[in-house]
Each structure stands twice: as structure tokens, then as C-alpha cells.
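Paired with chain B in one complex and with chain C in the other, chain A is shared by the two complexes that follow.
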Partner chain A sequence: MRPEAQVSRILFLAATVVGVLLTLAILWFMVRLGLPLFSTHSLRLLLTQDWAPDRGLYGIFPFICGSGAVVSLSLLLAFPLSLGNAVLIHLLAPRHLARILYQMVKMMTGVPTVIYGFVGIFLLVPLVREWFSRGSGMSVLSAGILLALLIAPTMILVFLESFAAVSTSHLRALEALGGTRRQKLVHVILPGARRGIITGFLLASGRAVGDTMIALMVAGNAVATPESILDPVRTLTAHIALVMAADFDSMEFKTIFACGITLYLWTAILTLSLRFLHFKATKTSMQVGHEQSF
Partner chain B sequence: MGDNMAWCTAKRGQVWFIFTALLLLLIFSGPVAESVGAEPLAAFNGQSGMLRISGGTAHIPVLKEVAGLVMQAHPGIQIALSGGGSGAGIKQVGEGLVDIGNSGRKPTDNEIKKYGLVLNCWAYDGVVIVVHPDNPVKALSRAQLQDIFRGRLTNWQQVGGADKAIAVFTRDEGSGTRKVFSKKALMEKEITNKSLVVASNGAMKAAVSHNPGAIGYVSLGYLDESVAPVALDGVEPSLANVQNGEYTVVRGLYSNTRGEARGLSKSFIDFLFSPAGREIISRNGLIPASR
Partner chain C sequence: MSRVFDYLLYLFAWGSGLILVGAFAVFMGFLLSQGLPALDSSLLFGRTGMVDALLLQRVVIDGLLPALVGTLLLIFLALAAAVPFGLGAGIYLAEYAGKSSKALFSLVFDLLAGVPSIVIGLFGFSLTVFLHKRFTFITPCLLISALALALLILPYLIRSTQTALEELPATLRLTAAALGADQATTIRLVLLPQAAAGILSGIVLAIGRAAEDTAVIMLTGVVVSAGIPRSLFNSFEALPFYIYNAASQFSNQQELQRGFGAALILLILCGLLFTLAWLLRKKVTARLLYHH
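Right after this comes the complex of A and B.
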């Protein structure tokens, strides 16, 4: 190996090692700082109790439910929307319209979440309040809708990419057989892009779990466990943002670490499943490649 | 991989947005108060550098005006002013992240001892109960207020208003305004877990002014036509009533430093006690304090 190659190899290796160590260090740091909490309150209690500091309860259960509710709703709304949008851009829309749509989607990925939050407070929250004439409008529903808007572009772009990667020989074969556009979509593109679709979904849900601003601004941040999608909720991320200002030594502040660990594990599991799928995908496509070359 | 491209565009888009937002901020931030003349600002002569201030949001209107004056008269001085709440202000000044940490409550003995804080109380502020301007309810008894915040009264009809659900707004755990309100208006009675939580005085005003069923509380300095004040036990939360002691939900506004203030911090805090500073404080609906 040439010396330059050797040097860059070492540099890249070092970067990887540092990256991995940092990620692990963050987990270690959170567990370490959260330890006083875990020694006085068992982890089980923390994860299942209510939040009522004046009664000595520091459970983050309502916030786990809050994050779960808001994220599920946003995925439920964004997934069909994004899939439809991607199909429209890739297959159905006339070329120039598809181009415009594609550019708009790309631009939407750049809108900071605080802008969505702002629009949400002044436009969406009053609408939700009047439509349902119940509650204050600050709710799982409002946050879910805005979060769907935030993650849809990510999903659409990943979907489009996986559509574009669908084997052209299959598409040609279908065209040669006189297949319709509908058949092309249902029998070739969607099955061929399956892994890409799952990847997009996971990436977007990671983004939804981690977002703070939208929930903080429009979900209402109430500490009660939500019972309906019109109830206000506090997500794990919003809880961290709100309690950050409390006294360092207070129990309230220490729950931040419990929230952090929960979020960390949540995203770690998501990312690991994403990597696993990628791994399987590349393995199978390599096998296909081998078969073709023989 | 092609998605590198997409992320790249995302970054560029974000930069573009932030740029526009900043531009709009510059255009709409309006003129910085009329000038006060050079003399009260003489203490800043010959000084330059960066002064970092953060913490309680009730302080911001006054400090923003003072900071504007100082920076206008002395281009060599940069003042960075941010919110975050009382808890954040105390913590950040204690750790040396900022030069002055504001709090809308007196720092606890523990905090003072731990960080070696020096307190400067430069104003008194009332914490005012506010509702939407269209709400006919303009007075509440303390018992009614407590029942509303505990979630026992849930409709405005129960306190003589329209048939509308009450949306209770409160502040986050680190808020000085919340601590004072909870102690002096609610008498430490609990706040319902269904209450909505906002993170600053400004956000409270925005939330209450856009929700006809809302009730919340803000610093007297934030009171304007977008929300309506509510009399407590028959006492109007006016500047006069805060001053003569009739209105009791009152707290001091503190600007804390770690150790005695020096240099820019000292000049800045001194200015708040000067006649020009006191004038700005009263114009913002607060009561100037003496050293």
C-alpha cells in the first residue's frame, strides 16, 4: 500500500473510533449523571409513574406516552401522503410539474422547525380549537399534523431515490410486455423499492422522535397522560427543554437524564434496525449481481 | 449516495431561511428608544468588549432598551441579551457562562452560597392574572382563582362568564414568575396536571391573547392591550396598587453577578439605579428599586 493511502486509512479509522466512542460516551455520561435518580427511584417507577413533583413523583411515563402519541400520529399522516407524493412525482405527473414538486419538496427539508411551530400557534391551533370546540387546540393532533409536514419531505426524497434505483431491465421487460402504468407501479416499482420505503419511514420517524420545537410550541406541554388526540401532551424532548432551566440539584433536573436515556435507546433501536435492513439489502443485491454475471 | 445531495440542499435551504428571518427581524425590530443624552452613559466611557446577560424573561423589555442605548452611544460595546428563565439565569452566571444572570425570584440561600452570587434587585414587579380581552370576567376571588388552577372550576360560566371551557396556562418548572404566582396568589395550592405549559412571559402573552378561554399570568411589565388583567380579591393589578402594597403578588427583579460586579457589568447595573435607568424602568410598567 502507498504511504498516502496508509495515512488516510489511519485517519479515517481514527475518525470512526472517535465517533463511536463519543456516542458511547454520551450514553455513559447520561447514565452516570442520572445515577442519583436511579438509586432513589427505581427505573421501573420512573418509567411508569406520573409526574407530580409536589407529591414526590418524578415519573416520565406521561411524556413517553406523549412522544409515542405525537410520533405515531405524524407517521400515520405522513406515510400515505409521502408515498402518494413520491409516486406522483416519479410516475404520474407531467415532467415539468414533477420538477416543480420535486424542487418544492427539497426546499421544504430546509424549513427550520421553529417556523412550523410559529405557523402552528397562529393558524393551526385556533382552527383545531374551533373545529372540535373542545380543549384549547394545543394537542396531540396539532403537533402530529405539523410534525407530519416536517418529516414528509425526508420520506418523499428517500422514496424517490429508491424508486429511481428500481432495476431498469425489469421496467423495460414490463414495457415490452405492454404493461400499464398501474401495473408498473404495483408489480415492479413498489416491490423493488420496498427496502427504500422502509428506510425512509425509519429515517423520518427518527426525525419525528427527536424534534423538540414543534411539540414545545403547539402540543401544550401538560403533564397529564393523554387520553384523546385532543388532549395536550408533553413529549420527552419538550420536557427536557422545559426542565433544563430548573435548579441543577433538583430532582426535576435529574429526570432529564432518564428522558435522555429513553430517547437515546429509542433512536438507537431505530438506527440499528435501519442499518440491519441496509445490510440485508446490499447482501441480496450483491447476490443478484453475482447471478447476473455468471 | 444520492441522498448526500438532498442533505446538502437542506443545509443551504436552512441558511437561506435563517438569513431571511434575521433580515425580517432587523426590519421589524423598530427604532431603539429615544436617546437619553450622553451624561448618564458616561460611566461606559473608555470601555469596550462583550457583556453577556441571560435569564428571567420579565427583565427583558427594560434591559433591551438599556442595552440599545449603551450600544448606540458606545459602538465598542456588545451586549448579548437572552432569556431562558430565572433558573437558567442563576445557573449560567454561577458557572461563568454569562456576566449577569437575571432572576425573577430571589436566588435560594443554597444557590447564593454555592456560586457566591451578589444580588442586585433593581425593580419590583407584579405578577398579573390575565385572560383574553373578549372575556367578560375581569375580577376573581382568591378562592375562585385557586379552584380554577386546581382544575375544580372548568367553565367560565361558573365564575360569571360565558359558557366556555377554561384553558389554564402555567409556566415551566424553572420560572421565577411561576414560583411567585404559586406562592403569593395560589398560596402554594397545586396546579392541575391538565394545565398548558409555556416557556416565557412572551409565550404566555401570545398563548392567552390567541385563546378566548385562556387564563394565565404574566409580569406586569408585559401587560398590554392584547391580554386583559384580572383583579384579585377586588384589587386591580395596577402600578399604583403594587407601589402602595395593596396588590400583593409582587416580586423583586434581580440581576445577579458572581462576586461583586466589575467593569461593564458594574456600569450596566449602576445605570439601572441611575435616574435615567429608573425612568426606563417605570416607563416599562415596573417599580424602580433603590440600592
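Right after this comes the complex of A and C.
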């Protein structure tokens, strides 16, 4: 290899290594700065205690529950909604309507989350307050609905991609046998797209866990563990944003690193499950490679 | 029996479609009806004259100009920092990496893509504290925010560069090799120009990501009122943060109106970037079809 070619190879490798080091540095920095916390508080206490700095309690349990509640609700709403829309676009809607719907979904993926939060405060929160005439309207419900709108487009697009990848030979066979569109969907498309459906679900849940602005703006940020979907909650992400204003050396401040580590690990587990899913997929597709080659 | 099932399926799919379209229409309608009346030149420049404001003669106090300029500066600096690394790593993964190192590196970049933006912001903040102990002039500022945003968009740039190169037809590589070009020359003169539109569409999407993100800059130097920053080490204003702040801190109807105006401007900015990326993507697809 000419020296010049060698140089460009090394430069490209260097760029890659810098990226990898930065990814590891994020975790390292948080562990390093969060360490003083673990010397006085055991991990178990930190993860299970309430948050009440005035009584010396610095547990992040309520925020883990807060994130869990908001994310679960948003997935519960967005999953059927997305599946329905994907079926509509792929199978049921007339061609031009399906195309318009598809473009709208694509456009929705570009809407900034801070705008969902902003509109949510002035449109959805007052509605929730009136409907249930309880509390301020800032609640798990409001945040869950907005997050569902945020993540649904991602899910729909992944679902559609996996529907389109379903083996056409099976579809043709079913058509030849006189199968209806419902039979096509239930017996060929959905089973064939199972892995894509799980992928979309995991990707969307990662987005929901990591979102800060919607929860920060419309979930109410209360520090208690939520008991109903009308309760206000604080998520892990919102806690980090809110405590930033506090003094650097305080215990409160150090807990945000525990939140950061929890979020990092939570999303890492989702990423790893996606990897595992696709690793298994490539293995099986190698075994049944002859079918995939159509 | 199966009739009933058919009807239920139709009801479910059309119902879902209706809910999604309805929700989006209500969302857009509300934003437009509240935001459009606010869109005039005083939205950007406040009570300061347009010429004075653009020439930095006078400070804009109650307009969006400093926030808009802040966002544009952030985008520019974040791109300047992230593009060389994003392209470099993308090229390495697509053209040089062996099978196992490619799997390992992609896994790490997938992890990075999954890291919530607030955690990236926290990293940027920690880095500032760390640097501040050694160099006291470093505080949360434009430069730190831009670097943190660069880290946020890095995985997108890597992935889009890698994909753009990998989806090029194999005949291109074979032809270049047959003509006696070595790998570096092939990449520089054949593959990169062919993949340019795809790479560019990835960059445009990354710009959108950098423009809309609020969590990262919240922890690394954005403030409510700073004017147009005069150096990299100043704090700054930005559109998404302006919107967030307007929602919680507005004291009169006019300030709220400006919040809606800002939301609409950000939406239009992101919409334009999105359309640009889509057009570039379409160009790529057309060219790939032509090649086959």
C-alpha cells in the first residue's frame, strides 16, 4: 500500500476510535462524578428510597416509577395506534390516500419534541383538567398521550418496512388460493413481520425513555411516586433538567448522575435487545436462505 | 363469524387512522391559529429597527433574532465538529473495517445513538466542570453546547455515511479496481462522489436534530437572555429553549404569542430541512435504480 493510502486509512480509523472513546467517556464521567454518592448511600437505598432531601432521603425510586409509568402508557397507546395505521397504509386504504397518510407520518417524525410539549401545555393539559376535574391536568396521562404522538410515527415506519419485506411468494400463494385481505394480514403479513414489529416497539420505547421535554413540560414534576394516571410525576430525564439549577456540591446534585447512569443502562439494554433480535434473525435467515433470495 | 372479524379489523385500522390524522390536525391547527398572527417583523426584531439589529448596532431585547442566530451558530459549530469524525468513521466502517471489528464498532455507535440527549447534556456539563478546574475561563457556553450537540448527531452521521457507501452497486468498485485504482483513490474519486447525495441527506437530518434539541443545550450554556453571542465562550439564546421558557415563564399575552411564533418558526425550519433531506434521498434512489 502506498504511504498516502496508509495515512487515509489511519485517519479514518482514528475518527472511529474517537467516537468509541467518547461513547465510553460518557459512562465513565457519570460513574466518576456519581461515586461520592455511592460511598455514603448504598445502591439499594438509592434505587428504592423516596426523594425527600429535607429528611436526608435521596432515593430516585419515584423517578424510575415516573419514567416507567409515562413510557408504559405511551407505548400502550401508541402500539395499537401504530399497528392500525400501518395496516391501513399497507393493506386497506386506497392507494392515493395511503400515500398521503404515509407522507404525513413521515412529516410527523420531524416535529420537534419541545413543540409537542408547548402545544400540550396550552391545549391538552386544560382539557385533561376539565375532563377529570382533578388536579392541574399535568399528569402521567397528558405526558403519555403526547409521547404516544411523538413515538407513533417511528413505530409506523418500522412496521411498514417490515410489512413490505414479507415474502411475496407466500402472498402470491395465498392470492392464488383466493384468500381475503384479512387472511393475508393475519396468516402471512403479521407472522412474517413479527420481528419488525418487535423492533419498532423497542426503538420507540427507547425514544420515549430518553425524551426530556414532554415530561418536563406536561407531567407536573411532582416528587411522589405516582398512584394513578392522573397524578403528576417526575421522570428521570426531567429530574436531571430540574436539579441542574442546584448547587454543585449538594447531595441533590450528585443524584442526577445516578439518574444519568440509570438512563444510560436502560437505553443500552434496549439497544442490546435489538442487536440480539437481529443477530438471531441473520442466523435463521442463513438457514432458510433459499427462501429469502426471492 | 369471520365477517364480524373482518368488520372489526376494518374498524380498528380506519379508527386508528382517524385518531392519528385527527390528533395531528388538531395539533397543527392550534399551532397555526395561535402562531400565525405573531409572525411579523417585530417577532424577530422586537422594537429594534431591522437594519440596526442585523448590523449588531443595537441589541434586540424583545425579539427572536438572538435566539434564531444562536440556533444557527449552534448548528454550524456542531456540524463543523461532527462532520469530519462522522464521515471518517462512516467511511472506515463501510470500506476498511473487518467483519468482527465492524460488528463491534456498529454496536458501540448504536449505543451512542440510544443515549438520551439529556445524558449527553449531563456529559457536556461534567466536562465543563472538569475543564473549569484547570482553565477557569471555561464555563457553560456556546462552544461546549456545540460540542455536546456534535456528540449527539455523530452516530446519525456515521450511520448515514456508512449506508450511503454500502448501498452503491458493486460494479462501481469492480470497475475502479479493474482500471487499476487503489482503495484510497476509489473512495476519493469514485465512491464518495457517487454517495454524496446520500451523505448530504444524512447531514441535513442531523442538522434538524441539532436544531430541535433542547435537553443538551439546557445543561450546557443556553440562557433566557444573552443577546447575540460575541465569542465561543459566551452564553447564548436558542429557539427551542426560548419556546420551553415561554411556556413556563410568560407574564403577559404578548410574550405567550411570541412563544407560539417561535414554535412555528422552529417547525418551519425543521420542515424545510426535512423536505431537503427527502429530496436528496429521492435523488439517490433514482440514481440507484438507474444503475441496476
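Everything below uses one rule, namely that the second predicted complex is superposed on the first by the 268 of 294 C-alpha atoms of A that agree within 3 Å, B and C clash if a C-alpha of one lies under 4 Å from a C-alpha of the other, contacts with A are read in each partner's own complex, and residues count from 1 in each chain.
What we mean here is this: a contact is a pair of C-beta atoms (placed from the backbone, for glycine too) under 8 Å apart; a residue touches a chain by one contact, two chains touch by 3 or more.
Note that the structure is predicted; figures quoted are calculated from it, not measured.
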Combined model on chain A: chain C and chain B, fit or clash: clash
Which superposed partner A:V158 touches (first chain B, second chain C, both, neither): first
Partner chain(s) touched by A:V243 [first = chain B, second = chain C, both, neither]: first
Chain B versus chain C as contact partner of A:L22, first or second or both or neither: second
Partner chain in contact with A:V125 - chain B first, chain C second, else both or neither: first
Which of chain B and chain C A:A204 touches, first, second, both or neither: neither
Contacts of A:V111 with chain B and chain C, given as first, second, both or neither: both
Winner by number of chain A residues touched, once chain B and chain C are compared: C
Chain B versus chain C as contact partner of A:M138, first or second or both or neither: first
Contacts of A:A215 with chain B and chain C, given as first, second, both or neither: neither
Which superposed partner A:V223 touches (first chain B, second chain C, both, neither): first
When the two complexes are fitted on chain A, the stretch of chain C hitting chain B, from 3-11, 39-47, 93-101 or 165-173: 39-47
Contact residues common to both interfaces of chain A (with chain B and with chain C): 106-107, 110-112, 115, 121-122, 216, 241, 244, 248
Interface residues, chain B side, partner chain A - complex: 2-3, 6, 9-14, 16-18, 21, 84-88, 90-91, 108, 110-111, 165, 167, 172-175, 190, 193-199, 206-207, 210-211, 213-214
For the chain A and chain B complex, residues of the former touching the latter: 50-54, 106-107, 109-112, 115, 121-122, 125-126, 129, 134-138, 157-158, 161, 164, 216, 220-224, 231-232, 234, 241-249, 252
Residues on chain A engaged by chain C in the complex (per definition of touch): 1-2, 4-5, 8-9, 11-16, 18-20, 22-26, 29-30, 33, 80-85, 87-89, 91-93, 101, 104-108, 110-119, 121-123, 149, 152, 180, 182, 185, 206, 209-213, 216-217, 237, 240-241, 244, 248, 256-257, 260, 263-264, 267-268, 270-271, 274-275
Touching residues on chain C, where the partner in the complex is chain A: 2, 5-6, 9-10, 12-17, 19-21, 23-24, 26-27, 30-31, 34, 84-89, 91-93, 95-97, 105, 107-123, 125-127, 129-130, 151, 154-155, 158, 182-185, 187-188, 208, 211-212, 214-215, 218-219, 240, 243-244, 246-248, 259-260, 263, 266-267, 270-271, 273-274, 278
